[in-house]
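A short worksheet on the structure shown next.
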């Protein structure tokens, strides 16, 4: 009955696009997973995560193939998991190795699906798609997270929105001076040089402010009171990993080694079509031992990422049906170019999986 | 598989009928809306309500056309609203007047839908349908709400039912002596003269009790201990406005000016198909300065309208699937004639909008 | 797009099978129902249960045919129920006997559906299907529940799962040594003789352990320290009644009268497709006056039945969509034979009702 505006339909499409399966996702921070059984939903599949006694982390489907009992309600037996219902045991590859019931015969084909899981950069990366395509070279570089010369703070929370709302949020930092006005938003982004670069593996949105007074946060830790170049760069790797580089250096020196940088990692792992695990980290090469700067980033993670970005993203997700019911005609801004490119890449990936 | 009884299907139809769009609805009591941003859902659309500095109230769709952020999470800038996400500003007509992002260009067609809003009788009346059909002459007369000679008490709560359950509730006051038995139900309505009148603009259900002892509530404020005529009249204006006139006057004088009357306003504004804003007011021309009478009406609004009428209506709404699953054969009573007429009018209105 | 494994599809079918209507179900324990109005949902129909003044229990559909008000919100008038909304009165057969509104005429066909209800064994058995097929001879024998020579403890709770998960749970007691490991699981069931018998009216799964040391619970109440035969038998009656006989007797004497037995009743009455009323009782012919044995069964009902069986069944019900989304290939064990037979019987019953 109602006809939806064509532009609106196109702009809403990302939030309803099938989730990309052939990709690496952050399933957990390394320290979250021990030899205990741990349950987390990723791409709408319930995962069982744990470490074997030699420390290797594994990811199994968290469902017993006998009666569908969640395996995390069972127990560890050595490196195996024993279902808490009838006692079937599965080794860390998912193979059934014991049936304590009846004739004791292990049914042929009794196994739990195992997912490729790689530990790198302090992250457990899981591959939910076709196993033969799981190429660890495609995990983007987040080695700064384990750089001993940096101070890194990280955390995690869940957001009730499609992951693309958080990706788009990060691809356009222009929201900072409005959404994060109270929490420390940056100065007018329209003053910055803005370039967008795209390769097969990533999209970079770089913004450089030339020859400005040093931002208040960095100023006390620079060697001089001279003006600086200040940058806020974003690197997106498909489907849901964002590196955010915010820093400054003496004017004219560019993003060189002497600069102060805070590198942010943002992993937006879809839990379901409309809920997302938001893993975040901030890693700085300056004032590493200053508790008051720790507090700045703790507060930013709690207030800006959680209270502001996540709240507005949830409000938007809730409003999706309204956009269609109420004949909204959505519009794009020039600063949405990076987000548009991200969606074009993901649209191709989704089409290839269809 | 299951065949639904024809009468039942017809009697359940009103609760599933599409909501009428070309009509005035109470969006808020005047005093609810200030220059602050206020959000309320009407006819399943999220509305942003606020006043400009000169006091004029406006209703905009509460969605930014850029990324669908709810505008009420933003801020006022003069008479405009600034989106809390990327800072787009919209004037009180919904036109985008500022884009602080990137090249600063305002996208052609960037505007927020504005809804006709009229302030009258202390009510903000909104029109959710075709703008060119919004005729303010169709707002029914509730001027008594601002009558300085009357004492008026009003309020508002939400009910988890289709609005028609509350309309039908009011169209048959015979429920009072059962549902409101504890809260002050009237005497046997079958003793009353009952007439039903219908015009293009309203349906009136009038009940007059001749020559009765004055009802206990009114008796102390009458000039004599003589018998009275006592009436309980209902006037319905489509789609969801009800005026309830309860009063008494010396026997044989009819509903004349010397009578004591309490006029009730009941605005049943659909929030969604199965939730309703219930705005109510009671306005009396007697004992205007008596706190104990204020308390009678406060209690009635809290106990009869909220605890009793709304609770039973919510139970009925919850039971709708059961009526179909359990082969109920519904029946009508003679006292359902007014409700039947109301539904016939609304059925025609809905058909005209389909 | 996704193809579901054939075996998995077949094993999941029981949980989505339409509920069986032509059968007796436990609607309540006798003591739950008095002359007061009581509401409970059975097979997705809201039931009104109460007793007349001569003690006879009745089951009516808990919906007034006038406006669908739940009748349990009304009041008793003698043996009749008066709707709390407009005051229609229905006798205990469901016939409308009074209309206090308007012309007072009782609409032809104004009646509330009445369901056959039989009180036997301390249970109110309800028949939700075709009335003419309600044969009380089909109520299985649970007379032990009222046996004055036994001590019986019973209770009830709701479980958020399809009833078949609880039926299958009981048909394979092999889960006890894993799921109930903490709460007193029995020893290895693979040591037992296991027979499965099937008649038109029931399926029996019998497990006998020959010449074993007496189980710790029973040992103090046996006349000697000699070894015993120990059995854990299950009798299922369609669709949702299970009798569990756990006992022991001196070796070689079989299940004779001198044995100690605890008979369990488990009535799994579907509330909806995915919620179940779990009525349970334990009835022993030994240590009838020992409070510490009472506490053993109270604890078992609370911890094993409620915390363990019901929790795992709820987890499984929640996992049903995951089983399809995640390409699980389900497997059967030899001990699932009884459950398989139960499902075959129910599949035929459902087909006959389709």
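Should a chain be cited, it is by its letter among A, B and C, assigned in written order, with residues numbered from 1 in that chain.
Note that in this section a contact is a pair of C-beta atoms (placed from the backbone, for glycine too) under 8 Å apart; a residue touches a chain by one contact, two chains touch by 3 or more.
All figures in this text were calculated on a predicted structure; none of them were measured in a lab.
Colleague: Starting at subunit A, find the fewest moves between touching chains needed to arrive at subunit C.
Modeller: 1
Colleague: Looking at where subunit B touches subunit C, is over half of the residue numbers used by both copies, so same, or under half, so different?
Modeller: Different-residue interface.
Colleague: Centroid from C-alpha atoms only, then distance subunit B to subunit C, rounded to Å. What do you get?
Modeller: 47
Colleague: Quick one: which residues in subunit B touch 2 or more of the other chains?
Modeller: none
Colleague: If we count contacts the way the header does, which residues on subunit C are in touch with subunit B in the complex?
Modeller: So the residues of subunit C in touch with subunit B come to 44-46, 61, 63, 65-70, 73-74, 82-87, 96, 99-105, 107, 109-111, 113, 354.
Colleague: Can you list the subunit C residues touching subunit A in their complex?
Modeller: 1, 168, 172, 174-175, 177-179, 188-190, 194, 311-312, 315-316, 319-320, 322-323, 325-335
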